[in-house]
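Shared chain: subunit A. Partners: subunit B in the first complex, subunit C in the second.
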Partner chain A sequence: MLYTNEKLVLLAGFTVRLLLSIGFSGLQSSLDNSVEFSTPFTSFKSLQEGIFLLNNGFPLYSGGVVHQSPLLVYFIAFFNSNLAISVLYALIDSIIAYQLLAISKCFRNFQSKSTWYIALLYLFNPLVLLSNISRSSILFSNVAISTALLYSLKGNYLITGVSIAISGYLSLYPLLLVIPLLGILRSNTSRINLLSTVVVTLAILLAVSFNTSGNNWDFIKLNYIALLNFEKLSPNLGLWWYFFIEMFDVFIPFYHSVFNLFVVSFVTPFTIRFYKQPLYAFILSIGWITLTKPYPTLGDCGFFLGFIPFFSPIFGYMKYSAFTTLLFLHAMVLSPIFYHLWVDLGSANSNFFYAISLVYALAIASLIVDLIWAMLRMEYDKGKPDFKSKLTQL
Partner chain B sequence: MRLFSLRLKLETLLAVLLILVISSATGTQEENIVSRDEGSEVGRSESSGLDVESLSRDESLSLSSVTSAETESLTSEKSITSEEPVVSTPSIHWDESIGVNEDVSYQFDEKLTLRPLPNNFLQSSFMFEMNSTEFTPGVSSIDFDKYSHYTVFPKVFNSILHTTSARKLQIRFTRGFWDAESWGRLPHDGFKAGGSGVELWAVIEADSKEDAYLKWKKLANLLGGIFCASLNFIDSSKTTFPHTSIADDFELPLFDSNKQLFLLRAALANEPVCTENLTPFVKLLPTKGKSGISTLLDGHKVFDSYWHSLSIDISTRCDATSNICYDHMEANVDVVLHVPSTLSRNEMSIPKPVSGDNLRCDETKFYDAFHCFPKSESTETSYLISKIYGRQLKGSNLISNHPSRVCADVSEDWNILIELNGEYFATDNNCFDLTNNAKNDIYFESSNTTSISKSDDVPVFVSRSLISYGNDRGGLRTVFRNPTNKDVRVKYLEALPWFMRVFLSTMKLETGDEAVEKEELRRLLSSMHYLPAIDRKRPTNLEYDITIPAFSTYVVSYQFEKTLLEFAEYPPDANHGFEVESAVITVVEPVNYQIRTSTLLLVLSTPDFSMPYNVIILSSTVMGLIFGTLFNLLVKRLLTIEEADRIKATSGPKYKLRKLKEKLLSKFAPRKKD
Partner chain C sequence: MSILENLQRRLIDAGLLPKFLAALPKLSMLLVSVSVMLMLYLPMDGQFRRTYISENALMPSQAYSYFRETEWNILRGYRKEIEVLSSHSSIERNAIMSSWLEEFGLKTSVYKNQEYGDSLYGVFNAPRGDGTESMVLAVPWYNAEDEFNVSGAALGVSLARFLSRWPVWSKNIIVVFSENPREALRSWVEAYHTSLDLTGGSIEAAVVLDYPGVSDYFEYIEVHYNGYNGVLPNLDLVNIAISIAEHEGLKVSLHGLTPDEMGNGDYWSRLKMISLGTKNLALTGVREVYGNEAFSGWRIQALTLKARGDTNHDVTTFGRVAEAMFRSINNLLEKFHQSFFFYFLLAPRYFVSIGSYLPAAVVLSISFAVASIDSFVNNQYVSMVDSSYYNLLSFIFWAVSVIVCFFLGNSFTYYPQPLLLLLGNVVISTIPLAAPKNLSISEPLAYRLKTISFMYLSLVMTSLLVVNFPLAFGMGLFAYPMTLVMLNNTDNLRLKTRNSILLAISNPFIAFWLFITIVESKLDGIEAIYGLVDAWNKLGSWTWFIFCIGWFPSWILVAISALKVEQVQTEPNSKKHL
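Presenting the complex of A and B:
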C-alpha cells in the first residue's frame, strides 16, 4: 500500500505534466525539435507523421520517415485528441513512478518507511519531465521495462516476458535486459518460461505488425535494421553519430558491428558478476544501454537516474559523485548552447557538440563505474559499511 | 517609313508553283518506280533532290528579272497577296504532300519568332521540327532489304530511341529568370521550358519499373554524352516516376503489348547551361548552323541573356491502322535578351562607366556634376538583328519543303523590315520567308517600345520558398496567386532530395478563411500522390491537385527535417548548400499552361571535414577507457592496500624483475668485491 505522501507525489507529477502539456502547447514541439530529447526513432513528430500517413491511406513504411513500430502508431492513432494524448503520457509517467515505488517495497531496506522521494526524484527529474512533455515515444519502452522489472521481482514470468518483449519490440535494445531478468528469476523453470514467453510474444507482435502494415516486412527494416546500422545520421548525445559521419566508407560495416558488440558486451558480465544482487545488475544494464545505444535521448538517462535511489545504502562508497555531477551539469548546460552555435548560428562547428556528447558519455560511464565500485566495496564489507578502510584492486 | 515589297514572297510563291507543276507531271512516274524498286531509294532520292534544288534555284534566278515588274503591278493588290495561302500558313501538315516529291524535300521546318518585351527586352524563339523516315516497329530494316536511312532526323537519336525503348523524350536546358509579371506567359505556354538547370523526361517501354529504370539510366548517360551535360549524375535518388503525365495530344505507341510505358523524370537543379551544350544541340540540326535561322545561334549571345532555354522533344508517332511509325523531333531555343545592354556590349566589350556627358539624368529632379537620378530607358529604339546576335541570317535552310520563316510578333508601334543586299522590305504580317541563299537581316524600329503585342494573361503565379531558421529543419512554403477572373485548376509536382525528411502531417493550407482551409486541405490530400523518400535511393515525390479561385491567393506549407550526410557525400563546396529542383505546376483549367518555381538552395549543417582521424581517435579512446575500467572492476580482486602491497612485494612482475636483478647482481658482485 502507498503512503499518503507517495500518493501526493504521484498526483502532483501527473498534474504538473498535464498542466505543462496543456498550458504550454508550444513547449511540446520545441522540445520535440531539440536534439537532446528527440531522435528520428523516438520523436513524436515521426509518430504523428505515421498517424497522418495511416489516416490518409499512404503506406506507413514505404519511405524513410517513420521509424516507429506499427502497433505504436495504431495505438496513438486511437487517441485522436490532443488532450487524450496528454493524459496518456502523464499517466504513463505516473505509472512508472508508481512501479518504482512498488519495486522499492520489495526490499527490506525500503519496506518499513515511506519512499516518496523515489517517486519524487523520478517524476520531478527535469530530464524525465521534459522528455515526457516532448512526448518522446521512449516512454512506452520505459514503462514496459519497469513493468518487467517489477513483475520479475514478484516472480511473475508471464507479465515480465510480455512486457520486456514489448519494450524490445518498441526499441530493440531493451531486449538485452532479458539477461539480467533471468538473473532475477531464481528458478530454472521460470527462466525457461520467461524466455519462451518473450519469444512467443515477440513472434505474435511481429506477426500482428506484419499483418497490420499490409503484409509487409518493411517495418523491420526501418525500425530495427536502420537502428542497428545507424542509418539516420542525425546528431544526438550518443557516441555513434559523429563517428559514422566521419568514418571512411569501407570501414563502416566493420564499425557498425563493433559498436553493436559494444552495446551487448557488458550486459552478461554485469549479470554474472552481480548474480547475488540481480536488481542492481538490471539497473546497471539499463545504464550501459543508455550509454551505448545509437540514438539516446535525455529521456533514457532520466529513466536510468530514476533507479539510482535504490543504491542509497551504498552511496557512502561512491568516490566520484561530485565529479559525475559536474560532468552531467557540464553536458546539460553546454549541449543546447553548442548545438545552437553550430546548427543555428553557424559560429561554432560540429566539434563543439561532439565534445559535449563525449562529456555526456563520460558522465554516464563514471556513474556506472562508481556504482560498480560501491557495490564491490559493499560486497567486500559483507553488508556492513566500513568507510574507513582503503581498498584497491589487483 | 514602310516599304511594301513583295519580292521575296513572290519569289517563294512562284518557286512553289513551279515545283507543283513539275511534281504533278513526274509524281505518278515516281510512285511507280518506288513500288517497283525499293532498294535503289537512297541513290535516287539524292540525285532527284539535287535536280529539284537546282531547278528551284534556276527558277528564282530567272524570276528575279520578272519580279520587279510584277511587284509594281501587284502593289495595289497587296492585301490579297499578303494572304498567300500556301506559304504563310504556319501549321505544318506532313502528310499533306503539297506535291513536292517526298524523297527530295525533307520533313524539316524552322521558324524564328522575335517578340519585343517590355523594358527593351527581346524574346527570340527558334523552332525546328523534323521527322524521321517511316518504319514499321518490330521489323528490322535489314529484313526487308532496306537501308537504314537517316535524312534530317539526327541519326544518333534513332539508335538511342532503339536501345532505350524510349517512346517520348524531353530534354530541357534552362537558366535565368523569366519575369512573368511583366513579360507575360512563357514561350510555348511553358511546355518547352524546364526549371533552372537540366530536366529530363522520358516515356520508356519496359517490362517492369526496374527495367525501365535501367533503360532510363542508360538514356541519361547517352544524352549526357551527346549534350556534354552532367546527366550521368541522374541516379535513383534523383529519379521519380510521376503520376501526372506530360501533356500529350496523341497516344504513344507500345511496340510490345506485353510491356508497359513508364514515365520517368529527373532534374539537375541549377546545372550550368552553356556553349558546350549548345554546340552539340546545333549539330543535331540538319542545317548544322550553316544556313537558315540556326546561323544566329551563337553561344556568346544566347547565353549572354536574362533567360534562355534549349529544349528537345522527341516522340514516336504511329498510325494505328497501317502500323507505320516515324519519330518526330522538335527543337526549341528561346532567348530573352536585354537589347540596350547587348548593343552596348558591341561598342564596349569590357563594360566601362558611362561618361558624364552621356549620363541620362532625370531632369525633373536635382542634378549636377555629382548628382544624377537615372532616367528610365529610352522608349525609342532601332536595331538590326545582326547587332543583337552578332551574325546575319544566312539564307534559307535549303533542305525542306518549307522555307525558313522569320516572324516578328509586335504591336502597331513597330516597323519591321528585312534587309537584303542593302535594300529594306516589309510585309503586312511581319513574317518573312527566306528562300534565297543570301545574307538577310531584320531591322526593328519603334518610337514607343513600351507598346508590345498583347499576350494572354498568365493564369497563375507560383512562388516557392524555404522558411527556416536553423540548419537542422525548415519549411517549404508555396504561394499560388490567381490574378485572373476564372478559377484555375493546377497540378503540382515536386521532387525533393532524400535529405529533406518531409513531415506531411504538418501540411497547412492558408486561404484566409478557416472553414475553406479545412475543406480545401481535405480535397488536396485526397488528390495527393505521395511517395516519401528513401535515404540515398529515392527522392520524395509529391503531387497534388489544387483549384485556386479567381483573384485569390492560396498558401501551402509544410515542415521538413534535414539529415546530415556522411562526410564524403558532401560536395567540395559543402557550405554553399544543395540545390533543390523546381516544382512543376501544370495548369489544366481554364487553359493549358506550365510553369516552374525557382530552384531552392538548401543549406545543411556540415561536420568538420578535417576531423576524421581525430574523431576516430577520440571516440575510440573514450570507449576504450570505459571498457577498460569496467573490465578491470569486474575481473580484479578487491583487497586492502596493505594486502596489495604485501602481495606485490612477494609476487608480480615487479617483484620478479627485482629478483632477477638481484640474481644478476649477485653473480657479478662477488668479483667486484674481490
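Presenting the complex of A and C:
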C-alpha cells in the first residue's frame, strides 16, 4: 500500500507533466529537436512520421526514416489526439515511479517507512521530466524494464520475461538485462522458465510485427541491424558517433563489433560478482548500457539515476559524489552550449561537443565506479556499515 | 596508484593538507590576480601573432578594382538625389530607391515592420553559380550616431549598379536599406531567415556601409566587428577588410579610436586595444550599434566599414574596399571555416587567439570554485552529511532565488525601472548594517549558502567563457568582491560596513552602473540599464538575462548569508538526517 505522501508525489508528477505538455506546446518540439533528448531511434518526430506513413498506407520502413518498432507505431497511432498522447506519456512515467516505490517495498531497509523521495527524485528529476515532455520513445522501453525488475523481485517469471522481451523488442540492448534478471530469480526452474518466456515472447512479437508490416522483414533491418551497425551517423551524447565520422570503410565493421562487444562485456561480470546483491547488479547493468549504447539520451541517464536512491544504505562509502555531481552539472550545462556553438553559430567544431560527451561519459562512469567501490566496501565490512575506518590512503 | 598513495602519505606526514585548506581564501585571491596578470601578459611580445589570410581562396586585392573615376559622377548624382530624400518619409525613400534598383535589374521587396521600421532589399541573382549563397551589402538609412547616411546610401546604390554589370559573381548579391542599424536591420535578418518570400540563399558574409555626410573625401576607415553574445566574424573576413583597406592606402582604426589614438604599436597601445576589445564586446547592444551586430547568430560573417574625417581619400576608394571585399568573398568555395572565430585584435595586424586568452577566464572561474570549497571546508560544519537539513535548505534558497530572479528579469523586460532596481539593490546591500537585531540566520546555513552561490557562479562562468569570454571575464572580476564577504558572527561595526560595501560593489546592477558611469563617458548609467533590457527585447542580446539569472541569484544568497549569524550545535552525521 502507498502512503499518502507517496500518492501525492505520484499525482504531482503526473499533473506537472500534463500541464507542461499542454501549457507549453512548443517545448515538446524544441526538446525533440535537441541532441540531448532525441536520437533517430527514439525521437517522437520519427514516430509521427511512422504514423503518417501508416495512416496513408505507405510501407513504414521503405523510406529509411522510421527506426521505431512497428507495434509501437501502431500503438501510438491508436491515440489520435494530442491530449491522449500527453496523458499516456505522463501516465507511463507515473507508473515507472510507482514501480520504483513498489520495488523499494520489497526491501527490508525501505519497508517500514514512506519512500516518497524515491518517486520524487525520479519524477522531478529534470532529465526524466524533460525527456518525458520531449515524448522520447525510450520511455516505453524504460517502463518495460522497471516492470521486469519489479516482477522478478516478486518471483513472477512470466511477467518479467514478457516485459524484458518487450523492452528488448523496442530498443534491443535491454535484452542484455536478462542476465542480471536471472541472478534475481533464485531457482533454476524459474530461470529456465524466464528464458523460455523471453524467447517465446520475442518470437511472437517478431512474428506479429512481420505480419502487420505486410509480411516484410525490413523492420529488423531498420530497427536492429541499423542500431547495431550505427547506421544513422548523427551526433549524440554517446561514445560512438565521433569514432565513425572519419574512418576507413574497411575498419568500420571491426569497430562496430568492438563497440557492441563493449556494451555486452560488463553485464555478466556484474551479475557474477554481485550475485548476492542482484538488484544492484541489475542497476549497474542499466548504468553500463546507458554509458555504452550507441544512441543514448538524457532520458536513459535519468532512468538510471532514478535507481540510485536504492543505494542509500551505502552512500556513506561513496568517495567522490561531489566530483560526480559537478561532472554531471557541467556536462548538462555545457553540452547544449557547445552544440549551439558548433551547429548554429559555426564558430566551434565537433571536437567541442564530443569533449562534453566525454565529460558526460566520465560522469556516468565515475558514478558506476563509485557505487561499485561502495558495494565492495560494504561486503568487506560484512554488511555492517563502518563509514569511519579508511582502507586506502586515497 | 602506489606512487599517488606514497605521495599522499608524504603530504599528510608534512601536514600540508590542513595548511593547504587553510590557505584556500588566499589561493582564491591569488587565482584572481593570476587571471588579471594573464590578461596583462597577452599584449607582451611573443604572446600575440601577426594575422594572416588562412583561406587561400580569398586572395584579397589580387584583382584590380574598377570602382574609380567612371563611377564618380554616378555616385555624386545619386548622392545629390539622396540628400533630398532625408526629408521624405521612409516609405517614399524606399520607393524611390527601389525604383533605382529595379532599373538595373535587381528584384526588390520591402520588408514591412511597423514596430522597428521598414527595410528595402534587392536581390541580384548571380550570373554564375547556383544562387544558393549570397553576400549582403547593408546600408542603414540612419547610422549608429543617428546621422543620415547620405554617402553610404549613395555608395550602396551605385555599388549595386556597378556590381550588377559584372559577370563574375557566383554568389547572389543582396542590397539592404534598413531604417537603422539596430532593431530594423536585426528584424530584417531574422525575417530573411524565417518569413521573407524574396530570398537569395544562405548569406555567407555581410558588409555594412556607414558614410554619413556629403563630403567627397574621407580620412580613414573604422572597422567594427563585434557581434551580440560574444559572436565575432571569422578572422579571415576582418583580415581581408584590413588588408584591402591598407592596400588602398587607407589607415584602419578599430574600436572607434582615431589612428593617432591607436598608438604606435608598443605594449601600452596593445594593452589599450585588448582592454577596449574586451569592454566593447561585453557591452555590444548597450553601446552604439553599427549594423554588423544584426547578423550575429545566423552563421553570417559581418563587419561594418565606417568612413571618418573629410580629407585625403576620395569616396570611390571607400567603394573600392567594399568591391574588393565582395570579389574576395565571391572566391570562396566553402563556408568561412579556417582561421579563428574567437580572437582579440591588438592592432589591425596583430591578434591573440582563444587558446591564449581563455585561461584567464578559466582561472577566474576556478577561483570561485575555490572560494566555494573554502566556505564548505573551513568551518566546523564540514562533517555534516550531504543530505542534512541545512544543505537541503540552502539548495531550496538557491532554487527560489533563481526563479525569483528569472521572473524579476522577465517582468523588467515589460516594465523597466532601472532607478528602482538600483535603489532596491543599494537597500539590500545595507542589510548587514541595517537589518533588525532579531533577524538572523543559522551559521551552517550561511556557510552553505555561500558554498552554493560561488559554485553556481563558477558554473555560470564556465559555461559562458567559451561563448562570450569578455562577459564571463568581466562578470567574474566584478562579482569577485562578494567572495570576500565574511560571516557576521561578532556583530562588529567595521565588519558590517565592510560587508555592505563589498556587497554593493559586487551587485550586478550597481557594478554595471558604476562601470558605465566611470568608463563610458558617452553613456548614462541608468540609460545603459534601459539599453540592456532593450538589447534583450529587440536585438536578441542575452546580457540582461545572464545578469539576472547567472549573477544576481548568487549575489542574493551571499547577501542573505551576511545577516547576523547564530551558532548551531551540530552533531556530525546525525543532525536531522533526511
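Here is the rule we go by: the second predicted complex is superposed on the first by the 391 of 394 C-alpha atoms of A that agree within 3 Å, B and C clash if a C-alpha of one lies under 4 Å from a C-alpha of the other, contacts with A are read in each partner's own complex, and residues count from 1 in each chain.
Heads up, the rule we're going with is that contacts are C-beta pairs under 8 Å (C-beta built on N, C-alpha and C of every residue); 3 or more make two chains touch, one makes a residue touch a chain.
Here the structure is a predicted model, which is why all the values come from computation and not from measurement.
By the document's definition of touching, neither partner reaches A:Arg191: not subunit B, not subunit C.
In the superposition on chain A, contact of A:Tyr117 is made with subunit C only, not with subunit B. By the touch criterion defined above, A:Leu334 reaches subunit C but does not reach subunit B. With both structures placed on the common chain, the touch criterion links A:Asn33 to subunit B but leaves subunit C unconnected. Looking at the superposition, the partner that touches the larger set of subunit A residues, subunit B or subunit C, turns out to be B.
Contacts of A:Ala365 after superposition on the shared chain: subunit B is touched, whereas subunit C is not.
Once the two complexes are overlaid on the shared chain, A:Asp344 sits against subunit B and subunit C alike.
Once the two complexes are overlaid on the shared chain, A:Glu231 sits against subunit B while remaining clear of subunit C. Once the two complexes are laid over each other on the shared chain, residue contacts for A:Phe244 go to subunit B alone; subunit C is not touched. Comparing the two complexes, residues 340, 344, 346, 392-394 of subunit A contact subunit B in one case and subunit C in the other. In the complex of the two chains, the subunit A residues touching subunit C come out as 117, 315-316, 321, 326, 329-330, 333-334, 337-338, 340-341, 344-348, 352, 387, 392-394. Note for the complex: subunit A touches subunit B at residues 33, 35, 40, 45-46, 48-49, 51-53, 56, 58, 62-65, 231-235, 239, 241-249, 262, 265-266, 269-270, 273, 291, 340, 342-344, 346, 349-351, 354, 358, 361-362, 365, 368-369, 372-373, 376-377, 379-380, 389-394.
Of all residues in subunit C, those touching subunit A in their complex are 1, 4-5, 8-9, 12, 231-232, 297, 299, 335, 337, 341-342, 385-387, 455, 459, 462-463, 466-467, 573, 578. Residue ranges on subunit B touching subunit A, taken from their complex, read 469-473, 498, 501-506, 525, 528, 530-535, 538, 540, 561, 563-568, 605-608, 611-612, 615-616, 618-619, 622-623, 625-627, 629-630, 632-634, 636-641, 644, 647-648.
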